[in-house]
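A, B, C and D label the chains in the order they appear, each numbered from 1.
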Amino acid sequence: MTEHHGSDRDLDALRRRLADFAAARDWQPFHTPKNLAAALSVEASELLEIFQWLTPEESTRVMADAGTAERVKDEVADVLAYLLQFCDVLGLDVLAALSDKIERNERRFPVAGARSNDRQGSPDRHSPE
Amino acid sequence: MTEHHGSDRDLDALRRRLADFAAARDWQPFHTPKNLAAALSVEASELLEIFQWLTPEESTRVMADAGTAERVKDEVADVLAYLLQFCDVLGLDVLAALSDKIERNERRFPVAGARSNDRQGSPDRHSPE
Amino acid sequence: MTEHHGSDRDLDALRRRLADFAAARDWQPFHTPKNLAAALSVEASELLEIFQWLTPEESTRVMADAGTAERVKDEVADVLAYLLQFCDVLGLDVLAALSDKIERNERRFPVAGARSNDRQGSPDRHSPE
Amino acid sequence: MTEHHGSDRDLDALRRRLADFAAARDWQPFHTPKNLAAALSVEASELLEIFQWLTPEESTRVMADAGTAERVKDEVADVLAYLLQFCDVLGLDVLAALSDKIERNERRFPVAGARSNDRQGSPDRHSPE
């Protein structure tokens, strides 16, 4: 693994650790794409739960509280874990998928055009989706 | 794989491209942690939507249909995009968060104990959460 | 309230109890439509969490376990609570909205046409959305 | 309001219309509790999507725009439709579940205690969950 950035924290190494972890516990039968997609959405909601009653300003300060900071880190880890496992069982390269998407969005939202848009009139358009 | 390092497809490079993309379009005011957490959960649900009526078996074959495969790739890209942007605005290292979480889960779900568990009796315990 | 079906369990009575409950605790400032929509989606995900690792067959038997049955009831109550509060703050009649939607779906999915559809080919079309 | 009883817009009548609708289209095999819970969470996220980039203030004005108002009504109808269908397949009385929950919350969040709480310190506690 040392040749791979010399780190056990790069994305591909984490993907392999997650696959080994599940295999060692015989969890693969539960890891259908459907179940992993459900688990991913559940974890993303647990992250949102931390923010649901906060004002926009309060939401920028969540890392100032040690307990909340731990919760946030825990939930982003879970989201990434299920995303990697989902991609693993379907043989998907998530980095390539994102790179392709950014390229499509660069064409879809040219900088000048994006600036001339009135956001009020198109609240769903102001961010890549 | 060292040549992959420095590529525009590694996670940190993608994070920077997303930040530049948002900055060039003046979207940062919308990118509060709360809004990005909401957007992340919305995208995770769009991924789940693809699977909602499928049987477990059908869910393993989604990449066989070209149109569905594109949709799946598009949604995993969106999930990763919002996850990276969320972590970026809060200064979080998502790879470190996941590495820490895997270590905690290795202690929490020791292999022998996990195998001796009766899954039926503890359906929520069989996977890291 | 007796004139309204003679019950404190009808939908409108529950809506008023929820509004009184929030008012008595000064929670209205937190109950923006955006926050209530986020809370609704978080609670719907907590319901889904109960099912995420279950097979379709297991999912039909969740009420057989007393503890799981309580969890399910608790989460459906939360979903309805936030749905009613969301509709309340926006002045929406949720029953009229659903009645209208069913009428639209009856035109959109005529019985004969629905039967002739091949579900495999259109997994997203087989249920009203 | 007794004339509302027996109307095709009360909750139980809508529940029956939804059950008949699904039966006429042979959709019951797809309507497992697990699938309906997934569909419910997907629809709740589609409602949230309308609000994801809005400020709290903007979120209070969504019904002023005719197109957005239609989208909101459509999504709340979908959420209620899947909630009723979920409860139907499991034989759950959602009104009784909510009534019980409100009673529990009245004990859990007594008015005086709720007022003395510092919301900043307990952002998750200020609303029934």
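To be clear about the criterion, contacts are C-beta pairs under 8 Å (C-beta built on N, C-alpha and C of every residue); 3 or more make two chains touch, one makes a residue touch a chain.
By chain, UniProt protein names: A, B, C, D = MazG nucleotide pyrophosphohydrolase.
These numbers were taken from a predicted model, which means no experiment stands behind them.
Colleague: Which chains does chain C share as contact partners with chain D?
Modeller: A, B
Colleague: Same or different, please, for the chain A to chain B contact, judged on whether over half of the interface numbers appear on both copies.
Modeller: same
Colleague: In whole angstrom, what separates the CA-based centres of chain A and chain D?
Modeller: Those two chain centres are 27 Å apart.
Colleague: For chain A and chain B, let me know how many angstrom lie between their CA-based centres, rounded off.
Modeller: Taking the mean C-alpha position of each chain, the two centres sit 3 Å apart.
Colleague: Quick check on chain D: which residues sit in contact with 2+ other chains?
Modeller: 30, 35, 38-39, 41, 44-45, 48-51, 53-54, 56, 119, 126-127
Colleague: In the complex formed with chain B, which residues of chain C make contact?
Modeller: Chain C residues touching chain B: 38, 41, 45, 49-50, 53-56, 58, 119-120, 123-124, 126-127.
Colleague: Which chain D residues qualify as touching chain C in the complex?
Modeller: Within the complex, chain D contacts chain C at residues 1-2, 4-5, 8-11, 14, 17-18, 21-22, 24-27, 30-35, 37-41, 43-45, 47-48, 50-51, 54, 56, 59-60, 62-63, 72-74, 76-81, 83, 86-87, 89-92, 94-102, 105-106, 109, 111, 114-115, 119, 126-129.
Colleague: Which residues of chain D touch chain B in their complex?
Modeller: 30, 35, 38-39, 41-42, 44-46, 48-49, 51-53
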